[in-house]
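Structures are listed in the sections that come next.
Here chain A shows up in two complexes: once beside chain B, once beside chain C.
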Partner chain A sequence: MNDGYNVIGKSVGRIDGKVKVTGQAKYTGDLRFPGMLVGKILTSPYAHARILSIDTSEAEKLPGVKAVITHKDVPSLKYGISPARWDENIFCIEKVLFVGDKIAAVAAVDEETVYKALKLIKVEYEVLPAVLDPLKAMDEDTPWLHAEYPHNINTEIHQDFGNVEKAFAESFHVRTDRFVGQRAYQSPIEPHSAISMWDGDKLTVYSSTQSPHYFQYYIARQFGLPMGNVRVLKTYIGGGFGGKLEPTGLEFAGAALAKITGRPVRMFYDRHEMFAHNRGRHRQYMELKTGVDKDGKILGVYANFLMDGGAYTSLGVASAYYAGALLTIPYDFANYRFDMYRVYTNLPACGAQRGHGHPQPRFAFESHMDNIAHDLRLDPIELRLRNARKPGTITPNEFKVNSCALEAAVEKARAISNWDEKRNNLPKGRGIGIGLGAFVSGAGYPIYRTNLPHAAAIIKVNEDGSSATLYTGAVDIGQGSDTVLCQMAAEAMGYTFEKMTIVSADTEAAPHDFGAYASRQTLMSGAAVKQAGEDVKKQLLELAAPSLGINVAELDCRDEVIYVKKSPEQQRTFAEVAREFFVKKGPLVGKGSYTPPKLGGKFKGAAVGTSPAYSFAAQVTEVAVDPETGEVNVLEAWDVHDCGKVINPALLHAQVHGAFFMGMGESVWEEVLFDENGKILNANLSDYRVPTALDMPQFHSELVDSYEPNAPWGVKEVGEGATTPTMGSIANAIYHASGVRIKSLPISPEKIWRALKEQREE
Partner chain B sequence: MPEVLRDSQGSKHYLINLNVNGDTYTLAVKGNALLVNVLRDWLDFTGTKKGCELGDCGSCTVLIDGKPVNSCMVLAVEAEGHEITTIEGVSPSDKLDRLQESFIANAAIQCGYCTPGMILAGKALLTHNPHPTEMEVREAISGNLCRCTGYVNIVKAILAVADENPPEGGESA
Partner chain C sequence: MYLPDFDYYAPPDLVEACQLVREFGNSAKILAGGTDLLHKMKHTELAPEAVISLKKLSELKGIRYLPGQGVIIGALTTQNELADSPLLHRKYRSVCEAAHNMANNQIRHIGTVGGNIVNAVPSADLPPILMVLGAKVKLVNIDGERTVPLDEFFLGVHQTIRRDDEILTEIEIPDQKTTGSTSIRFGLRKSGALAVAGAAVAVEMDGETCRSARIVLAAAAPVPMRARAAERLITGQQITPDLLEQAGAAAARESNPRDSIRGSAEYRRDLIRILTRRALHKAITEGHV
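Moving on, here comes the complex of A and B:
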């Protein structure tokens, strides 16, 4: 028997690979149920308007229409995903607050009839002045969107650690820069959909969701049902990236329509409606002030931010806190102040997008660091190494960082990108830049207050031991958690991956888990799975010990063989002992659950940013900038990640590829644009320009050795952390290539062209 | 021209024979029925995905006479008389096609929503160009958007199959 691991650490093929390459994988929108109706939501054409009347009579008369509902037909209880600021209704009651706000819904026999019926609903509006500029949202004479939130202030944060003013006074150099991030949209390729059906008082909802648990919680609350009467499950999910974490309205409207009609109702968004529903990345205005000593050591940082939240809270309270909270992770400094306003505007609501709140502030900080390096005539990597966080340290906002191999990651990125050579010798128009990043491996606290464990798992071994099923609430949205968790289960049981099956993300069939967000599942769901697997193994070993005539402590199980550690030739098979277990004791079931340790400080907002472990990354990008057109060509990129022990290397590197790709899109092209009336100008995938296969550079993903003591097998996150350094890395490469510092995202050809023109004319 | 039928409301329906994955299906469809909807809703070939219905994303790619086409941009009546291949027709038995195997082996799948379209675009390329360059692979799938993979492993998976194709000119290795 070898000493290493038998299942984890190997690039096994995805457990869902075959069904996905053959087209057999059914996504929510592919499901059909007898008598199923099609439903759609009517939305507002105005950014801000009072609803004077809604007349659904003509729509109701249309043959094939089975139900038309408005706010009168559904509970008026406000909901949201952030309990502190529940501010949404299933359908608008008095006012609409953005172009796309929900007014009514129709269920009919087919799509064509539904669309016809929507056009027959007559709504009279009194159009009100719209708040479209977040910078003016708090002005004295600006109208308020919500009476409960004076001056359109949704969230206000003031945090102060150490003494920033004293740090600035003692600094050798103090620099202030202002940056702007753009509105971006997750754009998963699978549109949102939900199918709702009732059986008496019991509601079942198939949904393309990242978190069946939160959907179950909010649907039950909205309809006054016990959680046990609401089953939320998913089949396959076509990507989420944060945009499928909160209820969409499809679930609520669908449930109401299904109740009235007594038939299953399939609701969906088309591509335009996805953009209108939004919940993507906030537009942020970011002022950074940093003081350094003469060696470039950071003494203090002041971050003064404002976020455009759009019409509702969504996950924005957390986004606002994350924006400042995670700035303290990659670099070690003692004095920090963070001020933030998240304001309401009459635009679609923003929420959590890959890297939640952090990528844009990271872009700002990484650009700011390069400016400081330039001021001090230091190499940007040298400045970063002088400030890089070390393991076993605590941030000023009281996050405890255990494992941290950031310095090693920076050094490796420097070496593999040939930084030292390229930084000084690239031809004109070419540039190389670096950005660092970090992210939580799961949030220390759930979204609503509860003492439920964060993750739980059950493993049931088949009666003859020839297969085992893992039941988990963890959600595979494409990142590969079903595969990785089955690897972890098999490793912990002493079993083989190929004999594992999984039932995941079904609130009835699988135990509770908060779902796929905050990069939490490998660590948190993994911890529960490991415990369940060890529970199975322990029960088997206890049964096998007497038959082998040895104390249980002398036994182990690997690769389906139970053996005596000191004399491995004394053995029995897993299957044989598992069968014996079933005959003598009944079902062989292992259980596990995970709750993180108590984390963080006691100040307001201290919970956001806490995590059992933090990942770190260094990214170097090489670009070419055309001085005539301002066009950017990303040529090559190198990512070095500190993500702890790796369970599946192939899936891990694939996460890095996707994270960089998404960050690159937001760096150069992606931005949701509006006209002067708050209507989206580019709500489709040709005008909202996501990168194609022709845009992706040569890409290198590498790792540094790392082990996290706070995690099962030492794992940490990767999927979001790898998107945090990208925008800064590309921005810095563009600056190196062109000599112009663009401080707003995306760094479009037009902005570069204008800046180059200004530079020439100076 | 296909035979025209009228329903009780007087709307026209066209009687068409669609050849999908080698089998013929006889259907009465409206003139505005999109091929993607007929494949998915009438024939249950739901491996053909819908992502945008505007011809932007490529999720609904099918092969028509071997060429990759966005089936949301094709009327069902136009598809009559042509050979349509959906993802369900790529491997006629339980044994996977080499390109399907390569997608699994190269971790080229994440959420899987673009995967059917990507595989069909890759199949079409390799059929007429068994030894594409990396740039030719990227061009061939540039009409298929993927939001998960950054395309890195998809390109790798297609090139891996090309490398196994017999060298041009037919000499044996």
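Moving on, here comes the complex of A and C:
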């Protein structure tokens, strides 16, 4: 198929592939600087306690220790990634709020000394009663974690669109179901780390981050520096999935230690500390009530949720809004009410994890839909098709959906999974289920209020035209954005991918971009890159036109050749014209920036869930369930995605594979567990069971044709959307295979075993 | 996490190793694969004064057959070497399968057979299959050696009859008349998950009649546990599906699993019933698998 593109739409190899597979790629934790110290943070052993005293004198005496700091040595300004609720301090001042809360930090000449020094810091605590059950957090007699937030209410949402009660009254069938999610953790393969160093008043931080910009913003704010005095950059990142979007504490503590010692300081979390720092998925309690007419058309939905936020806000305000906001995307209904409380507990703070707030509600809603289909004796796919969103529609909470090929995706998933045959004829113990999903292609508004563009890009063509460098603040965290954005740059310039290089995610060397979250970069960073590429091309064509004796409008450039559109044999090379440009006019530089159109309604929280474009997905899963042990074997899965124009098919399908893998882990295995004192029981990869390669089923990732008018070349997201349907799809397959509906995640073998036992005993 | 300070020894031969373990007694720990020891030291569960590595003792590696006696497995044989042994594949494939299904490839590549035994955890994968095959272990100290049935080796969690000055050097699977053996583990993931429950069995069949049977349960008690009531139930009997179900139920009754984050005692007990029945059926019908 010749779609008229030379670079995009092709599975070019990753720009960072070679250095990664050969081990040459240096991650933050691999970097070494002269005189560099190692730093670590001392954390609280109690879930809730008053700090009576901290004695660092013994630690300071240990040979090799260069600095020991507590709250007294750092600014006391509260921070947090959600500006609405700044509630964290660099180090705790009066109280600790969870096992793992930050007390002090040490910098020493090596790791061994740091660990020894941490043990020498004496902290006296008065242990306080801990709030560990989110369902009791708002009770009258429950202690408050933060005096500023009465009854532990961190976020409270009440949204009402249309008339839900009237819709229920007019419904043929109304059904209520209650579901519970679990605390899950992102488990990126690369632990968090940061290296901080000062040169006079200028701070440089190498960090394993999804967003240098937000780190720069908050570090500058914390230390009272102009943003220009803070440089945040990254090298390579081994995954983030939402957990590396906000400052981790390593940057603040490291910066303070580096300032005091005058030496670079490398800070890092080990696997246990990663779990304790958390910012993973919230546990949500989800009650859903839906009314349908006799054909199964949804008339109204009431979502009544509560989420366990842990000790701090993190990104939780957005998580809470997302939980309800995105329920309106895949299915079209007019009346919707959403109530949510996000409560504080003395557990690690929860934040954004792939699909941000949405995957658990999606699991609940997809399970709920299957229950409704069962009640109405409808095929689950039929019920979904009757309610599937159509393009060019507006949701009750005022999100405008332009492109939408959901119906086609469902039909294709049905066909390639052989659904109609399997649904009625699978042997006992086998089942097939479907779940739909959707997600934003970038958030319509940034995390803190600002009128900065969402993305910017610069392309500089080398003086002889033999290469070009893209400068972008977009962050490649492993998903491949460096590759995709270089493809986009080359396409827009009329250049070739192989001659592109990239400087990304460096607040000093590259222009501003908000970073890798909300599945935003292909669309938003891509829009800026496209503009920058077109700017380069325009300047070249303008220079070339007179030499070819033709009007600039008659020229184009592709694949490094500038040619006359009507007579392509009249041409000059890109390199030759680029060199001439430099000689006559100086550096050949293209610029671009992107700001989304104004989106959304005017009600409270209307911004969360807005996006220039929405992706859609239909996912079918086939499972086998052992009727005796409850063991689940995921046999095969089919994902059909509507993600607009695809820039790099191989990277796209890899994203879908990875998203399914994560969703599958949360469906059956993953859950962070705590003891009765709020201490994590499974802060390791042995007992926090992410799936292994052996657990991964045969997986089919397919696409439907789609073009998004609001996006460069019609692109949409894929990274997070593909996680959203998985838990529902697997839950429904397990129900079909076993005959028992498990309403809490993960759907562990023991839960299935117990439900089957109870069913037999009934 | 960081290893505490300790003195490190890597004796060149067994004699010197025995002298060192005598000298240090319980203030030293013996290092084989290190997959348990180093983990515990990093988590400050153990802080030995000295670590005595056996890595230079090549005589403790390898698997061989002594005619008229049995299969001899060196204690330092890795779990992957056990899984891949052509000799064991011919004689007791069940041992290879048990080794192959445990832990994950990285652990199996370095973890040893001896270590998996001496560590003495209830969920260990190799002791049950070795016990049902009547394995014996050789314990050596500077004064001499003794050979004891693996059946009598375990006393409790992390407790065995091995004295502080003894080194487990080899495991012997004696020649025998068993016609089939197998072990089935139930883990919460296909790789890299500790067994929630497990059952190993070995049977001597004579047509439809079971002449003798050994059943050992994993993660069912503080030590790998013989299910003697279940064994008695089928010994000398004509095997029927119903009898196997009864044997499973008997094993479940006599087991004593505990609640943990990997499974409730109630769930484990029922898994033991199911796994025992399935293992018996498999060993009876398929041989040493």
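Here is the rule we use: the second predicted complex is superposed on the first by the 759 of 762 C-alpha atoms of A that agree within 3 Å, B and C clash if a C-alpha of one lies under 4 Å from a C-alpha of the other, contacts with A are read in each partner's own complex, and residues count from 1 in each chain.
In the analysis below, a contact is a pair of C-beta atoms (placed from the backbone, for glycine too) under 8 Å apart; a residue touches a chain by one contact, two chains touch by 3 or more.
As the structure is a computational prediction, the values presented were derived from the model and not from experiment.
Student: Look at A:Tyr115 in the shared chain and tell me whether it touches chain B only, chain C only, both, or neither; answer first, second, both or neither.
Tutor: In the superposition, A:Tyr115 contacts chain C only.
Student: Answer with first, second, both or neither: which of chain B and chain C does A:Ser547 touch in the superposed model?
Tutor: In the superposed model, A:Ser547 contacts neither chain B nor chain C.
Student: Under the stated touch criterion, which partner chain does A:Trp753 make contact with: chain B (first), chain C (second), both, or neither?
Tutor: Touch partner of A:Trp753: chain C, not chain B.
Student: Based on the superposed arrangement, let me know which partner A:Thr629 touches: chain B (first), chain C (second), both, or neither?
Tutor: The second partner, chain C, only.
Student: Just to be sure I read the superposition right, which of the two partners does A:Leu681 touch: chain B = first, chain C = second, or both, or neither?
Tutor: A:Leu681 contacts chain C only, not chain B.
Student: Which of the two partners, first being chain B and second being chain C, lies in contact with A:Ala25: first, second, both, or neither?
Tutor: The first partner, chain B, only.
Student: Applying the touch criterion given at the start, work out whether A:Ser57 contacts chain B, chain C, both or neither, answering first, second, both or neither.
Tutor: After superposition on chain A, A:Ser57 lies in contact with neither partner.
Student: For the three-chain arrangement built by superposition, which of chain B and chain C touches the greater number of chain A residues?
Tutor: In the superposed model, B touches more residues of chain A.
Student: After superposition on the shared chain, which partner residues are touched by A:Asp270: those of chain B (first), chain C (second), both, or neither?
Tutor: It touches chain B and chain C both.
Student: Go through the superposed model and pick first if A:Thr692 touches only chain B, second if only chain C, both, or neither.
Tutor: After superposing on A, A:Thr692 lies in contact with both chain B and chain C.
Student: By the touch definition above, which chain A residues appear in both interfaces, chain B in one complex and chain C in the other?
Tutor: Correct list for chain A: 111, 270, 685-686, 691-694.
Student: Can you list the residues on chain A that touch chain C in the complex?
Tutor: Going by the criterion above, the answer is residues 111-112, 115, 270, 272, 628-629, 631, 669, 673, 681-682, 685-687, 689, 691-695, 748-750, 753-754, 757.
Student: Quick one: which bits of chain C touch chain A in the complex? Just the residue numbers, please.
Tutor: 1-2, 104, 186, 188-194, 261-264, 267, 270-271, 274
Student: In the complex formed with chain B, which residues of chain A make contact?
Tutor: 11, 13-14, 16-27, 29-30, 32, 111, 186-191, 236-239, 241, 270-271, 477-480, 650-651, 653-654, 657-658, 660-662, 684-686, 690-694, 696, 699
Student: So in the complex, which bits of chain B are touching chain A?
Tutor: Per the stated touch rule, the residues are 37, 40, 44-54, 56-57, 59, 86-88, 90-91, 96, 100-101, 103-107, 109-116, 119, 137-139, 141-155.
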